[in-house]
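What follows is a pair of complexes built around subunit A, which joins subunit B in one and subunit C in the other.
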Partner chain A sequence: MNNESYHKLKTRLFWMIAILAVWELTAQSGVFPTAIFPSLLIIARALGDSVVSGEIIIQTGFSLALILQGLLISLLAAIMISSLAISNKMVDGLVDTLVAIAHPLPGIALLPLIIIWFGTDTLSILVIIVHSVIWPLILNMMTGFRSIPTIYKEVGLNLGLNRFRIIKDILIPASLPYVLSGLRIGWARAWRALISAEMIFGAVGAKGGLGWYIFKQRVFMDTPGLFAGLFVIVLIGIIVEDFFFAVIEERTIKKWGMS
Partner chain B sequence: MKSKILLPILAITLLSLTLVGCNTSSKVQENKLQIKIAEQYGLAYAPLQIMKEKQLLESKLPGIEVSWRQLGNTTAIREAMLAGELDVGFMAIPPFLIGWDKGMEWKIACGLSTSPIGLVVNKESIQSIADFTPEDRIALPQPGSIQHILLAMAADKLWGDPKRLDNQLVTLDHPDGMNALLAGSEISAHFTTPPYLFMELEEPGIHQILDGKEVMGEDFTFAVGVTTEKFYEKQPAVYEAFLEALAEAIKFMEGNPTETVNILAKAYQMDEAELANYLERSDTTYGLEVQGVMEFADFMQKYGLIKGQPANLKEVIWDGK
Partner chain C sequence: MGNELIQLKSVEKYYQGSGKTLKVLENINLDIQQGEILAILGPSGCGKTTLLRQIAGFDHPHTGNILMDGQEIVKPEVKRMMIFQDFNQLFPWQTVMQNIVYPLQVHHVGDSVRANREIASKYLNLVELDGFEDSYPHQLSGGMKQKAAMARALALQPKVLLMDEPFGSLDALTRLSLQNLLLKVWRETGVTIVVVTHDIQEAILLSERIVVMGQRGSGGIKRIIPNSLARPRDVGTKGYAELYEQVYALLDV
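Showing the complex of A and B:
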């Protein structure tokens, strides 16, 4: 770890502790009833209980598995669609129009339609995730593809590469910074869409994901449990942002000297 | 170095101040007469519409400021009452008991209505809950709702296992549940109340397999009026006037059916003839008495949804015996 990221981690930790301290002080001051503002200890105990019972782990695993599937499907579809669009003007126009229509639509706004079309199964949640991810991803990929100097492609053609290898070996690596930032946006949107969809649908059966877990705590008025669920959401967000994407960037575009 | 520390401290102080600010904003002048009431959508809440339109409470206590809110579900009402944003909320008995069990300082002030609650299905092959296959999904408003409790009661009666159908539940609010049932997706059953219940039963291929009263074995109050302890103790005059106005509204509905339909059709944006038909058809009855609290509490404790149980009605009903 280099000096810069160490410093970043240090300030991050400092602020986290500061925020937790403010939280605890407010809770202890008794200004708010515990049912509204529980202390950290009570929240930690609720979190511990649901970890021990396994419920929060199962629900988190369920949510993560869903979002991973959604991201993978979106990534593959976006690569395919963008590649088609870059090589054909008509397709390009179609994709451009589709993005313009679908990108501003929040997945949750489509929920009533999705229930009628796809039911209330996990398939519907998957549809919402893919919808949230795919448009920003395509948008970023197209920008990435377009920003590649034509000379790269020409060199590839000179070397006798076919269309598939030009996409795989030149277009995708060269546009990776854009793809990665597209994935980052996509991840953030998908994670939010997933949690909201799970909260509204409820779950089919016992497995409903983290959003369902939070909704259930809300319905049964278990405020500490609610905070435990929120804590897990934040934790996963930080892990993915600060570690997962950071590591990928470190290993690829930073190593290749692209940023 | 010093200024480096000072700035964060300043930031924290500001942050704390905003948090404190959240609390003071809800404190309005205490001495002015006012009441904040929350209702939900449905025929079961009709007397409240009459009370609102005819300004019955205002004529009892001139100068009182009455604010009405229509919230989509019980949980939202409960949270608003917890935050001190509401004085009176109308809901079913089970969600009230969950809050009571969690230590909320509130009790039931009055009953409001009994209402048909029905489980309807869109498959000919299902004639009772015993015919549900593991693939069938049952839509209802939320876990812990009166629909969920009644379904668990029915499952308990049939199999001795209240949780038998719990893994087949899907949480959908009434309109979404109706859409899903009529769309013929994997939702094959919907536990709901009028007007949704009637609208669904009018569609071909939809029939009812379970009735709330049949499950309970007796009448029970569907919607009760709940007030916070703070309101009950600090505003006794408003509390009394509110109950009197509500009784008056119910009396008005009995005495003036035409004008009632008139007011309700406008409030619910429904056709007058259709509404009159619904009112006539349904065995929705209105009255201030409360029935079924102990029955629900018994069952919910057995099921594990609440830990404690009221020893007597006094613990859950203001002025209860």
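Showing the complex of A and C:
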């Protein structure tokens, strides 16, 4: 870890502790009833109980499994669609139009339609996740493909690479910085859409997911449990955005001097 | 001479500008001999890069023919490897070794990864880049990147290296050392080399023949000058000054 990111981490830790301290002081002061503003200890206990009973872990696992499936499907589909679009002008026009229509549509706005078309099963949630991820991914991938220096393609032609290899071994690695930032945007949109959809659908499948978990706690007026759920959402967000993507970038585009 | 590798016959290339046609290449007739170093020299914008790109197969003349071994050149091929001036011709996501091994794998040159790595090592050694196998291109200097690009091209055993001002962006000392390296590579592999340059000294030090091209828009070859100075050459070599004068006069700069 370099000096700069170490400093950033230190600053962040400092402010996290400060915010938690203010929270605890407010809770202890008794200005708000415990039922709506629980102390950290109560929240931690609720989280602990939920972990021990396995409930929150199962719900989180359910949500994460769904989103991973969605990301994988979107990534493969985006690669296929972008590759077709870059090789064919007609397809390019079609994809461009589809992206223009679908990209501004928030996944959650499609919910009523998706319920009519696909019901309220896990399939529907998957559809929303794929919708949230695939458009920004295609948009970024196409930008990436178009901004590749001509020299890579010319070297590829000179080396006698066929179309497939040019896409697989040149276009995709060369546009990786764009693909990664598309995945980051896609992840953020999908994660938000997923939590919302789970709340609205209620218990989809057998278990229900993290969104349903939070919603359920409100119904039972279990405020500490609700905060425990929020805590897990924040934690996953930080882990994915600051560590998962950071590690991938460190091992690819940063190592290659492409960032 | 009878051992022409590449023949250009009445090659013409023009660009349609606003209302007028700019002749970039006009009536180019040129034979490139097997095993020679041919320098194409001219001021910027004279069409020398355009000419090289037609030979490579990246682009096609409007009229005339370009033949290699009697066959029309229709597309870029491994037997004519281009070395660009741009340092970024290596793939940044591959190490130096992977950059060289990758095309060998694609063309099944060696029958195993190991065999291909051995071929790559041999050519890295030839261009004096041992010890940098596992470096990524962005960790190399400009001169080292050009060496790696040469190794990648040579490992495929092309018949001709087409070099577009390959050392044009290097500092004077590095350029000198890469010129000497190129001569060593030429002696050891016997590969035919066509090198485009705007540097009279480079043309004289490297080549067997110098093709002098005219100013922008004049579109043609002014003269082809044989260069039979004794090797190894430097600016003090007998006949250097006279040859320099002769070329310089033709360039009318």
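Please note the rule applied: the second predicted complex is superposed on the first by the 256 of 259 C-alpha atoms of A that agree within 3 Å, B and C clash if a C-alpha of one lies under 4 Å from a C-alpha of the other, contacts with A are read in each partner's own complex, and residues count from 1 in each chain.
Note that contacts are C-beta pairs under 8 Å (C-beta built on N, C-alpha and C of every residue); 3 or more make two chains touch, one makes a residue touch a chain.
Here the structure is a predicted model, which is why all the values come from computation and not from measurement.
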item	value
Clash-or-fit label for the pair subunit B, subunit C on subunit A	fit
Which superposed partner A:161 touches (first subunit B, second subunit C, both, neither)	second
Contacts of A:32 with subunit B and subunit C, given as first, second, both or neither	first
First, second, both or neither for A:221, with subunit B first and subunit C second	first
Contacts of A:116 with subunit B and subunit C, given as first, second, both or neither	first
Touching partner for A:3 - first (subunit B), second (subunit C), both, neither	neither
Once both complexes are placed on the shared chain, angle at subunit A toward subunit B and subunit C, C-alpha, multiple of 10 degrees	160
Touching partner for A:173 - first (subunit B), second (subunit C), both, neither	second
Partner contacting more residues of subunit A (subunit B vs subunit C)	B
Closest Cα approach, subunit C to subunit B, once both complexes are overlaid on chain A (Å)	38
Contacting residues of subunit A [partner subunit B, same complex]	14-15, 18-19, 21-22, 25-26, 31-33, 35-36, 112, 115-116, 118-121, 200-206, 215-216, 218-222
Interface residues, subunit C side, partner subunit A - complex	56, 58, 75-78, 80-82, 84, 86, 88-89, 91-93, 102-103, 106-107, 136-139, 156
Subunit C-facing residues of subunit A, complex	149, 151-152, 154-155, 157-161, 165, 169-170, 173-174, 176, 252, 255-258
Subunit A-facing residues of subunit B, complex	8, 12, 15-16, 19-20, 23, 75, 78-79, 82-83, 98-99, 102-104, 137, 139, 142-144, 166-172, 176, 179-180, 183, 185-187, 305
